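Read the structure below first, then the notes.
Note that the chains are named A, B, C, D, E, F, G and H in the order they appear, and that numbering of residues resets to 1 at the start of each chain.
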């Protein structure tokens, strides 16, 4: 079976952030592939990747990048299905706001679905949600995932509520 | 047939921006509904809307909001399928950057697919792209839409190239 | 006696910041409760909490959150008495300015009383001040608290003034 | 009867924004007074005002200011009960973000309850909510106010939903 | 003779700003061509343009774009000679800071020479300066241009100095 | 008598803002001169001006500039007495924050006394205050100026307090 | 002899930054005093300090503060001679930009001479420059100080120029 | 042979960043010189440097600076050929955005080719590209450099693609 989702990042140094997208796709049992290709250093490889992705059966592309962060936008220029952008904060970036603005402020006609700075886990979930618009089983796994998030919060709330202060009830 | 896409905005004053999502869904022949409900003034209606949307067959929700802009995030808290957020610039907002950050910086587990400030047209296209991951006919309409964008640019380029300067070739 | 104040935070990881609100309420002898519930992961629990708080005798809610920080606003949507919001800076946030704008830029009709980034101690004092508008004894404790702040500054000023420089008087 | 709330602004040119606080207090039937005094041009009058307010029976002070916007903070230095700050955007300000930061980033011990840029209406509501912590009748008027907000949204939603698009349901 | 400089913009709506580059190249007698091609709507045309420019004898490319502003960076990915980027402020942009950061924060290996927001005139001068590193006649015209700037300032200074105030000397 | 204060601006187009410095110096009876010279277009004239100012008896220089706004800093590099910088907001500037940061963030050893964006009036007052450190008569005029500011505020406060609202006292 | 300069800071925790003002005044042989008083915790002491400073012979006040940073402005409200403001970056501040804007954006009539974030050394030099407008000996020491800065740069340039690269000349 | 490129920085403490420009010029075999001179502490040396550079055969100047960062702009005021500016982030700077704006927002007539914050390597490449507009051999070395960048990305992509996840293809 061909992969549904393709994860791509602008540099192999983005892997510590971007692997969270892979991890959540694993949890949600959604097949995927991973690449590290630069919009600026390997523009032709990125263009070939983006042009052929649709034919190869890829349904959603998750693209992470830092600094000027053109990778998601340039893939969206070619790929007719959804592209998700992950702004990545690095030591020379301006708190990640440079990458966020570079990714989100796309012109009319060519959207990039942008998530939070370093929000690769959410990019993975969002990609699964997109596939789930046409896949009832995955919808159910996503509903369970939401349930699990809730239960985890309920459990930690019990811990937080253990009395520590004199005037606490 | 039930609508695929639901467009919702925090205030009826957001309609001039948000109707661009409706227009492009019309062009792409994707059925949709429209509501104006406030996460802060009608929280129960928003919660009911977000909880029942999935059962009603809605596949994607497009939510636009200005200022603190909690509408997209609060819908994403309930809805297991994709939510697209549109930051809206208004006279009392801080260049729209307040809405953008309020929408995009969601916590792990609950993504909102954020588009540009006032980017409602792109929200409509993105919603169609999501549906198209499971709808080949819509994929083809999207490929044609991309083609039409290209041809429009080529045409205006011809106009721009008409000589106006002495040293222009 | 039921608690006057309810402290709530979006994640148990906010506890190191938010416990300063508890500490100052302890010092000012104002009863309170603590919860960690997420507006995005447990939206129904948050809605139930916010709807029932008023009946349970809660007079003020202090809500802390980071990133998109919808918790204070969503509680304010339900609770008819004051909600105080504490923006929390975290490693993936944009210097806390994202949370500050998400909390403070509320639409007309639904205010959140916002304090400084990580300003949980001030949130506790502000909550006590609100209760004190109808509680003369607490007013006196607040006046004493202000006095104590002053005396501490006077004492450290004496230390700072100890001569260390040649041309210092 | 002495006023419960005192509205103060840094300059009479802030009146177009600040009168919204007065209007909503009128609607909620909460007595108030209005002053225009500058923290920088009339510091002694402001100090006298802030020191004597408590004795005069004022329970909450709403202070609006633009630019460096020291008025709310300097009043909070003297007044032991809640101070609400309204950042005001003007032609020479930096989108109001200068006033917002000047008002909200108060040091530990001296909170200012900050509302949105130009958010004077919300300042009025927040002041009423504070008084309502000890006034059951006002609580009921606030619950009704929330109800009215909701009904207004429901009505405009009906208007927005009127079909205008081909693929709209 | 083939053009030395190529001016390109992301949209024909950028022409009012970008024509200032053309005007100054005319003044400095440097041949040039103009195109309006979008990195997002016509990515293949942009790639073809950028790949073939070097062979066609183009020495410098000036690229202007607003919003996410990927055009200069994507051209720099292909073109081995200097690319100058002009951030363009538009109604939906965030004061042009989005375009500025998208253009200037390029990764190591692929520079874009960025000028001020809407600074197309300076882009033209900078392009001429680059050509002038190997063209003594153009160097002389640039030295004269600097001289003319100086003389214009000296002339307006004389006007400004005309006495208008009592204590002015 | 030689002028005490020199007002200089980067462009004659800054005159509408900078003339406020002249007006207040007139009111305070402090002699001054005015120039419009550009740090970038007439660097030698600016250097000559800054080097010779001290010998000509100039005690304080007020320098206003927009955009990159190097004029105040470059004068401070030469002039051993105080330089006051006025950031000027223009249509292509980024809300004046670019000029503010360019002027205020000077390196250790070479200060520029920075005032608010478009704050030329305050630059004039500050210059007079500096001269007044050694001029008792001017000190008295400044004390009177402060008094006049106060009285103007008191007068407008009387106007603002005129009852307009039902619940206003 | 009474001190010419008064250094004041909002908190004794600002001493590591503010002592640089003291050090440079020592180097320039300008007498000074130091205080740590809070505009918010000890407003009356600050008002008394600011009102009496002029009578005590203080010619310039240097005020450093972080966060909302009202200290310089509130002193300027009372003191008729120059006030220099030093924005201080701390762990909860927003990169110091909050303090910078709180200090610099003063209203017309009440200037604060603002220096760089953490720029206490420059505040000391600027204070000395102000005194020097009426003190020829201090002018000479300032000219020497400028000379010393220059010589230090020339010396480190010699070190930097020592060849380390193959193509370096 | 005289150097083609001159690298200059505002302080010897900028050397760790700026040496990357030197390293890449070494790799590209472009002769250069290095200086550390301050626009504010040694303005005359900087002016002499900038005026004489053209006569000495320097074709491009790379200038790096932090904080107010006037060095690139002041050199561009004198030098008729290209000046490249490198904004440098330091501990007291505001994320480098202060230097970026100070360098890039130059007035019409006097451009500075600005690169990313700490982007000295790109400044070196850009300088080489400028020289290459008139030097075919260097053009070839630049084409090879681009090729080497591409090959390095391809190699690290192979490493990233090694399977680590269950659902990865």
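Operating definition for what follows: a contact is a pair of C-beta atoms (placed from the backbone, for glycine too) under 8 Å apart; a residue touches a chain by one contact, two chains touch by 3 or more.
Keep in mind the model is a prediction, meaning the values are calculated, not measured.
Asks: Check every other chain and keep only those touching both chain D and chain G; list them.
Replies: C, F
Asks: In this assembly, which chains make contact with chain B and also with chain G?
Replies: Chains touching both chain B and chain G: C, D.
Asks: Is the C-beta contact count larger for A-E or for A-C?
Replies: Greater number of contacting C-beta pairs: A-E.
Asks: With centres defined as the mean C-alpha position, give me the chain A-chain B separation in Å.
Replies: Centre-to-centre distance between chain A and chain B: 18 Å.
Asks: Could you state the distance in Å from the CA-based centre of chain E to that of chain F?
Replies: 33
Asks: Residues of chain E that contact two or more other chains, please.
Replies: 11, 38, 41, 67-68, 94-95, 97, 104-107, 109-110, 116-117, 119, 146, 149
Asks: Would you mind giving me the full set of chain pairs in touch?
Replies: Chains touch in the following pairs: A-B, A-C, A-E, A-H, B-C, B-D, B-E, C-D, C-G, D-F, D-G, E-F, E-H, F-G, F-H, G-H.
Asks: Within the complex, which stretch of chain E touches chain F?
Replies: Its residues touching chain F are 89, 95-97, 116-119, 146, 149-150, 152-154, 156-157, 159-161, 164-169.
Asks: Which of the residues in chain A come into contact with chain B in the complex?
Replies: It comes out as residues 54, 59-60, 80-82, 84, 100, 104-117, 119, 121-123, 125-126, 129-135, 139, 142-143, 145-146, 149.
Asks: Touching chain G in the complex: which residues of chain H?
Replies: 2-3, 9, 11-12, 15, 19, 22-23, 25-26, 29-38, 41-42, 45, 67-68, 92, 94-95
Asks: Within their complex, state which residues of chain E touch chain A.
Replies: On the chain E side, the touching residues are 10-11, 38-41, 43-44, 47, 66-70, 73-74, 76-78, 93-94, 97-99, 101-107, 109-110.
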